[in-house]
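After the structure tokens below, expect a handful of questions from me.
Letters A, B, C and D name the chains as they come in the text, with residue numbers starting at 1 for each one.
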Amino acid sequence: MSDALPVEVTSPTPLLELRGISKEFPGVKALDDVSFAIYPGEVHMLLGENGAGKSSLMKVLCGAYRADAGEFYYKGEKVAISSTADAQKLGIAVIFQEFSLVPYLDIAQNIFLGREPKGRIPGTIARSKILADAKHVLDTIGFDIDPSTTVDKLGVAQQQMVEIAKAISQNARILVMDEPTAALSDRETELLFALIARLKADGVSIVYISHRMAEVFALGDRITVLRDGRRIDGVRPADVTPDQLVRMMVGRNVDMTYPRNFADKPGELLLEVKGLTASTGISDINIEVRRGEIVGLCGLVGSGRSEVARAIFGADPTSSGEIIFDGKSMSGEPDLAARRGIALIPESRKSEGLALLRSVSDNLVVSALKKLFPSGLFDQRGAQRTSDALIRQLRIATPSARQTVGLLSGGNQQKVVIGKWLAAGSKLFIFDEPTRGIDIGAKSEIFALIDRLVAEGAAALMISSEQVEICHVCDRAYVMREGRIAGHLTRNELTEENIVRLGMHHA
Amino acid sequence: MTDISKDAMMPPRSFLSQDAIQMFYRLLAALLICAVLAVLSDSFLSLGNILNVLRQASLTFFIASGLTLVVLTAGLDLSVGANVALSACIAGTVIHKTGSPALGILTGLACGGIVGLLNGVMVTALRIPSFIATYGMLWVLNGLTYWYMAGETLHGFPAGFRQIGSGYLFGLPIPVYLLLVFLGIGTLFAQRTIWGQEIYAIGANPVAARLSGIPVARRLLLVYAVSGTMAGLASIIFLSRLNSAEADIGESLTLPAIAAVLIGGTSLFGGVGTVFGTFIGALILTLVLNGMNLLSVSANWQPLVTGIIVILAVWLDMKTRRRAQ
Amino acid sequence: DGETIAVFTKNQTNPFFQTVRVGADNMAKTLNAKTLQYIPTKPDSIPEQLSQIEDVVVKKPSAIVFTPVDYKAMVPGVEKINEAKIPVVNITDRSAGGKFLSFVGADDYSLGLETARFMLKTLGGKGNIVIIEGVKGSLTNVDRVRGFNDALKENAGAKLLASQPGNYQRLQALQVMENLMQSNSQIDGVLAANDAMAVGAIEALDGANRKAQVIGINGTKEAIDAIKSGKLLASGDYNGFAQGCLGTMMAIRSLRNQPVISEIVLKPTVITKDNYQPFDVPLEQRTCPTFEEASKLGAK
Amino acid sequence: MREAAVVSQPNPLQRIPGVAIVLVLLIALFSAIAPGFLSVANLSNVLVQSTILTMLALPMTLIIMTEGLDLSMGAVLTLTSLCVAIVSLATHSMLLGLGAGLLVGAAFGIANGWLVAILGIPPFVATLGTLGMAQGLSLIVSDGQSVVGIPHSVRDIYSSTLLGIPVPIVMALVTYAAFHGLLYHTRFGTYIFALGGNREALRYAGLSPNKLLIAVYALGGAMAGIAGLLMTARMNSGHPTAGLGLEFDAIAAVAVGGTSFERGNGWLLGTLLGVIAVGVLRNGLNLISMPSSVQVASVGILVIVALFLDGLRSRA
């Protein structure tokens, strides 16, 4: 522990310490001799690029993965954590990056899964108690919802809140949050931050993984940076600048201003949406996108941005309105849109973007099959060549193009989803939260990529919940509210305040 | 967590593709069965017997090859056997009525194909899970066939037509040539065409496939129609081989075909498997039944042995195949 | 007049039961009665036939003509019919219990015995023989195969090579035969427990360019054609038509308070090249034995 | 969070699957055209006939909710029915027979669970394999013959009544109540939802999905044992093909009843309605003497129509 930080005098021994943790997956050394200490009542930020091993380390911590090597010390005493039960006994609770919710159970049952209050008859559950307890926990985190709602009815943000409630309810001493805000809107994020402050005051230690630099400085008491499965350094937020952190994470300098060559003169009209209405809850949508520009689509979670994207792409049926692409009216299934040159990078890469069991190569060429093999005859080597080129171009961290895509880290998976549309040579790219769960290095690469695409004559429509990104990157933006376009912001008007003002209800 | 750590223990991908290794194991198993049978029965290794095995395997293979495509899309077609029965009966009637085998063959294939297409429509347009849709179809087809045949048997077909099922060419039964042809076509289609790739993609994740611009509904229609048409082909082979057709021929064909697909390493979850594997699967099944006949094992043991083989084959497959969680 | 007779048969797929049903329909029409056919949707399904009995008991037909899908398992069903006081005639397989007005059937044992005897006579009392059995445990199969075996025992020169089941199915019989031909270079005679299997065996022999004498049982149209063309040596006449029509006749007669014959066991006829003509007519044109002819059979 | 608060409450009407509509329509239709359909005797018939299928379809619902399937149920039922017959014949004891049936059924269930949970074999494959084994064993222990002469105590199970209600109906009702309580009011039931919905969640909660899975399949096997007793009682004999194919009827009933094959979305009452709908359809068609070929097709059409209606409603 040579590189351990000077520790606060009040708590000389860490609450929990991991020493020399190693974990290998086929072809990947996910963790290599990582040591990590958590002190009582601190918020410990864990940073690193996609695939750096953050989630893996936390899964080892909570007993979900068994480490190949390494030791655990709880309050200075050596302990074994070989199952989630062990970890729970030590007071460790985790909010996972992937949800651990059961869709057809209600919120209360999900929160207390495995810890149900016993009913009078053995084996049964005290229904009124579980509901009351759940209500109590939900109130603690400021989430106002009926706990007997089944989880399948909830949106992503709401599910994330339930996930948080579930972890809180365990009264943990150590709470791990793996990118908890990735799916939250600002309102919920604020609630979460307030909650974190309260927990901290109660002496709960929090390990917090995030790709959002602002959060790192707003919340963190201490920062540990991982890179390629190794612990690079541990620092205090006061002692570093964002740039330094980024350099630690990626091992080189990264420009975080997302420089763009804004189009002074937008190109010809590529996409024109007129009065689009769909049963998914959007109505009278009017949007224009020209070649060479990046158009933002912002608004609160649930304002219908994804629905607009899906309707344009033909993924949802529309009831009225017109979509004119490249001068011609268009209506039909996604295959038609794709053939015409529209690309959709969907909101959920795992369920909508990737065939997780197939290889990186298979996923990269799937949209470009017609283009790459005009004869209709498929050739594995040709596919391999194309995907190797894309892997290099996008810097996808994978042992080979043959690797199963489900084994890549989230950020690299996202790159694969984008890569498949590059291969297809699309003209209009619709990005739905393209940087969700993506590290800073990858983020700037992706923005650079989008910039290059539009510079070469393509166009982009970008949905993002991170208003900073919209403001930095977009030429102009539409703001949505309750399924309608609430306003349009030109390059000069594009500020976070304006977005919020237009997007808020009854502004 | 044991699953994940077990996964993690598996060897990394080697240069040989996973599928090739799987196929190698499977061939090895088939050869092993052959070796055991050759030791136990002197008649096993005779040319005649080997041709027998191939010919018997071919009928299962025709049905199972189309089914493989369906299973690759994570679907299932339980109606194949009933489809064979109906197609055989209709094709047989056409041959009887018109005297033209060619017309009969076309009708049989068309009938099979149309039934398959209807399955496809139920799965795509009506969005009924394939397992249930084809189970419903199975009974509808049975009802139709029973009504149409009214307990009669069709029999006695022109000699030329009968050659397809029972004739020889250069010492090899004609179904064996057909088997090789369709094995080739099936493999090429699945592995070497973009349609094949799209089918794998659909099986692996239908939602992602649709959002990747694959016309999922059309491909599924194609796959079910192909499966139906292959059942139609099997009905023609059946008709010409047995020189007759009756309403109940289908029932005993479905489960062996599914078993062949599974033994052949195609995953019911879709996206994994090959037509060649199905061929080996059909071969292994046939070999075992053939062996039991040669050794005069009571037929009471057949379901038991088949059951064990199916489980064993899939288990070994999983042991040797590395999967993402 | 106008009685409704519920006719139960085992399945819709075996041509034999079609002849039974046509026989019953014919007789009912002649006697101005009506038939209702009950057939399990899954061939030979015991639970389904039991359900059908229960449903029919609610419907109360005048009488029932009954073929049990399984002669032992259907006894509770028959008892239900008895309880409901619906007169019932048993045809084809003799039920192991219950009260019947009358039984009409063919004697499977002597059918097996006589057809096998005929083949062995043709072969000169010697040769290598294989038996292709039907569904294990079914009454017809047990008795037919017993008949085959007893005929073989009478001929010291005949050697039984194998006795394998083909489950009354053409394809299975064909494959079993193909496989048996591999382990046995000389097969002189094939005793098949029904016609479909006999024809399957013939296809296998043809395919291998081998010759053997084959016999079947049931006297189906297909078998008659095969006998005509010389491919099939003989088929035992199981006479479904007569079973159906006589069964129905007994049921209606009893309803009309006419005398019935309590047991008719149809004599086995071995259909061969020399006597097939009366069987070579469409089902509908066959004639039913008269009551007097039937009494003679009953007096056997 | 105002914008997120508009969660639609589960609308009970929306949960009525296609089968409920179909069932009401069928009952109305047959009451009108089939004389005797509405008689107490006939309705009791329909219900009694549905009991064996109920016994299979209820545990099948749970198994399907775990994203599983049990194709071996029909064959295991056949085997347990034979066991009941053989053991009660040998010992003259109905209870010993039932015990044997339960034991063999549970053993097959545990084997299924073991194959699925521990060896990780897909349920379809594992149970297709055990289907073959159970069927083979049935043929082997019975040598293809019926087993008869079993004591009357077995038969009485099927034919006697309790407070004027036929015992099989009582058994089915008790079973339904037990399953309902189990699924909706116990921890085990909660975990069944999780087995299909999110197995990882169970692991993180420190529970063993494998043990739970084995328990679910074992329950299925044991229920096949009880159904085996009913089957033997019904036939007053054991028969090596008696229950073949029943598993598909059970699966069809579950599917018709609105249980989906994904993510643990199951509905127990729907299954019961599904079973009854199949029973009503068969019974009604028999009463109006529909030609058998139409009856064959009818169940297929029922399945397709019910699922189509379900699809329509879920999309609406």
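In this text, contacts are C-beta pairs under 8 Å (C-beta built on N, C-alpha and C of every residue); 3 or more make two chains touch, one makes a residue touch a chain.
A quick note: this is a predicted structure, and the numbers were derived from the prediction, not measured.
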{"item": "Count of contact steps on the shortest path from chain C to chain D", "value": "1"}
{"item": "Pair sharing more residue contacts (C-beta pairs) when B-C is set against B-D", "value": "B-D"}
{"item": "Identity of the chain that, by mean CA position, is farthest from chain C", "value": "A"}
{"item": "Chain B and chain C: spacing of chain centres that average the CA atoms, whole Å", "value": "34"}
{"item": "Centre-to-centre distance between chain D and chain B (centres being mean Cα positions), rounded to whole Å", "value": "29"}
{"item": "Computed distance of Cα centres, chain D from chain A, in Å", "value": "43"}
{"item": "Between chain A and chain C, centroid-to-centroid distance (C-alpha), Å", "value": "72"}
{"item": "Chain D residues counted as touching two or more neighbouring chains", "value": "139, 143-144, 203, 291-293, 295-296, 299"}
{"item": "For chain C, residues that touch 2 or more chains besides their own", "value": "12, 41, 136"}
{"item": "Residues of chain A touching at least two other chains", "value": "64, 83-84"}
{"item": "Chain-to-chain touches, reported pairwise for every pair that qualifies", "value": "A-B, A-D, B-C, B-D, C-D"}
{"item": "Contact set on chain D toward chain A in their complex", "value": "1-5, 7-10, 181, 185-188, 190-191, 193-194, 197-198, 200-207, 263-266"}
{"item": "Interfacial residue positions of chain D with respect to chain B in the complex", "value": "115, 119-122, 124-126, 128-133, 135-137, 139-140, 143-144, 203, 248, 251-252, 255, 261, 291-304, 307-308, 311, 315"}
{"item": "For the chain D and chain C complex, residues of the former touching the latter", "value": "35-36, 39, 41-42, 45, 48-49, 52, 139, 142-146, 148, 155, 158-159, 231, 234-237, 239-243, 245-246, 282-283, 286-287, 289, 291-293, 295-296, 299"}
{"item": "Complex contacts: residues of chain B adjacent to chain C", "value": "41, 43-44, 46, 48-49, 52, 55-56, 59, 139, 142-143, 146, 149-153, 155-156, 166, 238, 241-244, 246-249, 251-252, 289-290, 293-294, 296, 299-300"}
{"item": "Interfacial residue positions of chain B with respect to chain D in the complex", "value": "1, 3, 122, 126-129, 131-133, 135-144, 146-147, 255, 258-259, 262, 267-269, 300-308, 310-311, 314-315, 318"}
